[in-house]
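Pasting the structures here.
Each of the two complexes below includes chain A, the first together with chain B, the second together with chain C.
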Partner chain A sequence: MARILLNDVRKSYAGTQVIHGINMQIADGEFVVIVGPSGCGKSTLLRMVAGLEAITSGTVEIGDKVVNDLEPRQRDIAMVFQNYALYPHMSVRENMAYGLKIARMSKAEIDSRVAKAATMLELEPYLDRKPRALSGGQRQRVAMGRALVREPAALLLDEPLSNLDAKLRVQMRLQIKEMHLRTGQTTLYVTHDQVEAMTLADRLIVMNKGVAEQIATPLEVYQRPASEFVAGFIGSPAMNIFTVSAADGRVTLPGGAVLPLPVPRGGDLRLGLRPEHMRMAEPGEAAIPVVLRSVERLGADAFGYGMIEGSDVSFVLRLPGTSTLDRGDRVEAVPDPAHLHFFDPESGKRIEG
Partner chain B sequence: MAESAPLAARRSGRLIAHLWMVLGVIVVAFPVYYVFVASTHSLQTILRPPLPLLPGSEAVRNYSEAFSGGVSRIGGVSLWRLLANTTIVAMGIALGKIAISMASAYAIVFFRFPLRMACFWLIFITLMLPVEVRIQPTYKVMVDLGLINTYPGLILPLIASATATLLFRQFFMTIPDELLEAARVDGAGPWRFFKDILWPLSLTNVAAIFVIQFIYGWTQYLWPLLVTNSNEMNTIVIALKKMVSFADADTPWHLVMVTSVLAILPPILVVVLMQRWFVKGLVETEK
Partner chain C sequence: MRRTVFPHKLLPWLLLAPQLAITLIFFYWPAAQAFRQSMLREDAFGLKTTFVGLANFRKVLSDPNYLNSMRVTVVFSVLVAFFAMAIALFLAVQAEKIVRGKGFYRTLMIWPYAVAPAIAGMLWLFMFNPSFGTLAWPLRQLGISWNPLLDSTQAMGLVVAAATWKQISYNFLFFVAGLQAIPRSLLEAAAIDGASRRHTFWTITFPLLAPTSFFLLVVNTVYALFDTFGIIHAVTGGGPGKATETLVYKVYNDGFVNLIMGDSAAQSVILMIIVIALTAFQFRFIERRVHYG
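Coming up: the complex of A and B.
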């Protein structure tokens, strides 16, 4: 086990930079999730840590050792691939033991480690099966097992759950979390799924176009997104973000309504409001007028999707599960002043109020 | 009635298809059968047309004569020696081709080196050059190396194979990148990756290419004819040709036919045995 240090890590392909200088320190035993939309460079970053991609500039340190020029096997890492990449001609046991065999570990030690991992992952009945005779979830567990038996300094997972069905994904997510608590393994986990990111991570790296938009705990990312991109990416349904013009403690909404809000400065601003941080207006209270176009009822909650009246800006708000509002209704929503997000319209960065 | 009509049509269609295929089999198999029939008759019967359509009673005598010196009296070398020579040459060519083409395909697919694509195209272009085109320089090289009348002389010029290289290249390219990466993370170097992962996954391909190339090697004619002048080094195909180079009446046709049958048998054996084996392999990977 070890800490990982990323120091201004950059990657270029044929002159085009795809990773623009990532700095981060991952503590020993920390679970860090790299999250972002596809093409944001999150897998590339992970593969640079793994040693599968060359590092164009900057340094990667694993356990106080700069590993830039080391082969993957010399970096003391283990990796779980999205499609599992199990060796199809080897049994589950052989798959898990292969790396240990290459490391010339004693037969007894290999057997005990494989047995331990098999117990933890409930794979004992399948040890002598070939991967093709396993279900997707079982294959995924074998891939996890193959990584865990190595007891590496760092465990790297590249979208390990994205090939599973929804139910299994939730189950495996819990299992991964539990396993991390038990082994205390330094873990770097790549996903595009914000639920996985939020639930698994000690800390998140939210990436966009090769830039780390924010590195923080899941709660901080949710409560104080560092940029408009992060604000829109984390949270479901996504945050409402639209342009308002601010002056003297008031904002003018698209469509012309005026709302008193504590604004950080005047001029054009991007205002972010989460659907869940909204309440219905009292009679006569200044509010955001929304015309609903559809209502999604999820049981406990309902989400109303509509437009801000008099504009073409779409707006989502959470309604009580028992709400009888429906398509065509007009509602007046008041934002919770404790959960306002303002972003600079030029840079997209958060403006502290 | 309405339902049975198309069924009947289908049945008669199938009957025609079967008849057609049976006809095809007869056309292909009849000469082979006739060789076998001829190998069981005495020379007198063969020389007096028409040749009977059914096997005769001389089988044991013909075959034992062929093995116990009949063939060496004509060709100057025993049938055993001919079979051994041909087996060595065919095995050498088949295994050599597999070794060389796998190695070059491995290099081209899994390694990045300068002029990689140039190497690939060079190999590809040699597909267009049959052995006959380069036969004179090859012969000269073999003479200079003193390899005339040797097994290496028979085998080496024939073991480079663009076809097999391409086949292995195509197969290697279907191996997912992640498998290679998983092996790298597991600590496997290039040699271990080849030995532990690529080779076991290639076995069915190896079997298929072995069958094709063994038969290719077994039936070689032009090159063995050029590079051997001692009877001791003849392959069975060359010996056959030498046996019939007398005047028709002098040719011991019954022994020629026995030798022909024995020339056909080993490739058939290889096909039958290997086929069972690689079909099993195919079924396993498919499942």
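Coming up: the complex of A and C.
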């Protein structure tokens, strides 16, 4: 068990900087998820913590020890790879015992640890099989087992569920969460899937183009996204974000409609509204006029996709599951004043209202 | 596997014909000829031949020279196959570590394969000839009494070195390809599991190279048995005495130099049986231990 400290960590490849100074403290036992679109540097960051990529500048500390110049094996970490990286010529048992044998652990200790992990992951019937005789979900569990038996200071997971089908992914997600509660292992988890990120994390790092856009709890990221990127990335369907011009407690929408809103300042602003934070207008109330182009019915809810009337700005809003609205209908939506997000059009940063 | 069904009976045979023709003309026919010849005895002038049954085989197998040649072949083949593979594997592993100029380095490594065996033999002869060899003089300066024309161990060393040198390129190519087929993440997983580079090599890389190594073992054995004739011919001519006379070289010597056709044919039949048996053995007993990914 240990805490992890990232101090202005940077990475460049041949002069091109890909990680632009990440600062973070991960507490002992905390579950932190690094989330972002592909190519944002999240895997690179994890691999730098693991020791598989050199750190260009800044320091990484694991358990109060700077590990920049240590080999992966000296860092007291375990890692689960996206493709599992199981040793194909070894049985499940040998795969899990590999690291323990290297650590010169006694035979009895190895056996008891492997047995314990196998019980927890329900792998006992497969201990003598080779990885190729296992299904995707079983391989994934072996990879988890191989990491857990070593009881490392920190557990690193690189998109461990992305090769599984949707149903298995949900199952494994719950299992990982449960396992974390049981072992209390400091965990760093990389994913591009916002559902995994929201459900697993104690805290999130939302990354974009090598920059940590926001480091906060999942709820905080959802309620107060620090930038336009975070606002658009977290939440499904994505937040509606468009440019409005603000003055005197009013905004002029694309298409010309005027809406009274508590604005933080005048001039051009980016306004963000989540589809779920909207209600239908009372007769005569100022609202956002939307012409629907299609309605997706999910049972409990329905989502109306359309354009703000008189503009080419697309707009999504949540409708009751029983709604009879359909393609071509015009609706008037009123945003919930408690859930308004304003961003600076230049920097993309959140403007506090 | 999907079965392809041809609508026509003749078409598959037609498609196979070129391959079959080559195999028939260049393998089965000469093999059959050798087999026939091995049962015949020819007089000194080649005027008449008599059927003698297995007499040639009996004669060859009781010939101490033949048994010596057998011993020489075993020593030679084991040494060539081992060194050619071990050195090639070492070089391939080193080549993997190079960051810049990888392609250039690999190209250089492959060149020896393009050299004809007899030319390769001549190169080594020129380098190590006791009287005019470029490297013979420094060897003598080091206090080594270098004379492969008289010393049978040195002669064997020289042909083994030449034959090995020539085969390294081929093995190198396959090992490089084999190494590239090993997923990087496996090596990274081993590094995280605490394995040193050496330990990773012996517990992960080497076992996963087994299919490549097994294939090369078969190929190198056949190479050492058959394709090294040119090198031996150029470097030592089977001498000194009969110290480097391998089975193939003896087939040539008895058949084409001494013109004892029956003996020579019997020897080539025996050689054929040895190679078939050896390859069958390799597939039967060694391949079992090979893990195909």
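Methods note: the second predicted complex is superposed on the first by the 353 of 353 C-alpha atoms of A that agree within 3 Å, B and C clash if a C-alpha of one lies under 4 Å from a C-alpha of the other, contacts with A are read in each partner's own complex, and residues count from 1 in each chain.
FYI, a residue touches a chain if its C-beta (ideal position, glycine included) is under 8 Å from a C-beta of that chain, and two chains touch if they have at least 3 such contacts.
All values derive from a computational prediction rather than experimental measurement.
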Combined model on chain A where chain B meets chain C, clash or fit: clash
Touched partner set for A:85, first chain B, second chain C, both or neither: both
A:29 touches, of chain B and chain C: first, second, both or neither? neither
Touched partner set for A:72, first chain B, second chain C, both or neither: both
Which of chain B and chain C A:99 touches, first, second, both or neither: both
Chain A positions touched by chain B in one structure and by chain C in the second: 50-52, 71-73, 77-79, 81-83, 85-89, 98-99, 102-103, 146
Chain A partner contacts - residues on chain C that touch it in the complex: 183, 185-186, 188-196, 199, 203-204, 207-208, 210, 291, 293
Residues on chain B engaged by chain A in the complex (per definition of touch): 176, 178-179, 181-188, 192, 196-197, 200-201, 285, 287
Complex interface listing, chain A residues touching chain B: 50-52, 71-73, 77-79, 81-89, 98-99, 102-103, 132-133, 146
Sites on chain A touched by chain C in the complex: 50-52, 71-73, 77-79, 81-83, 85-89, 98-99, 102-103, 146, 150
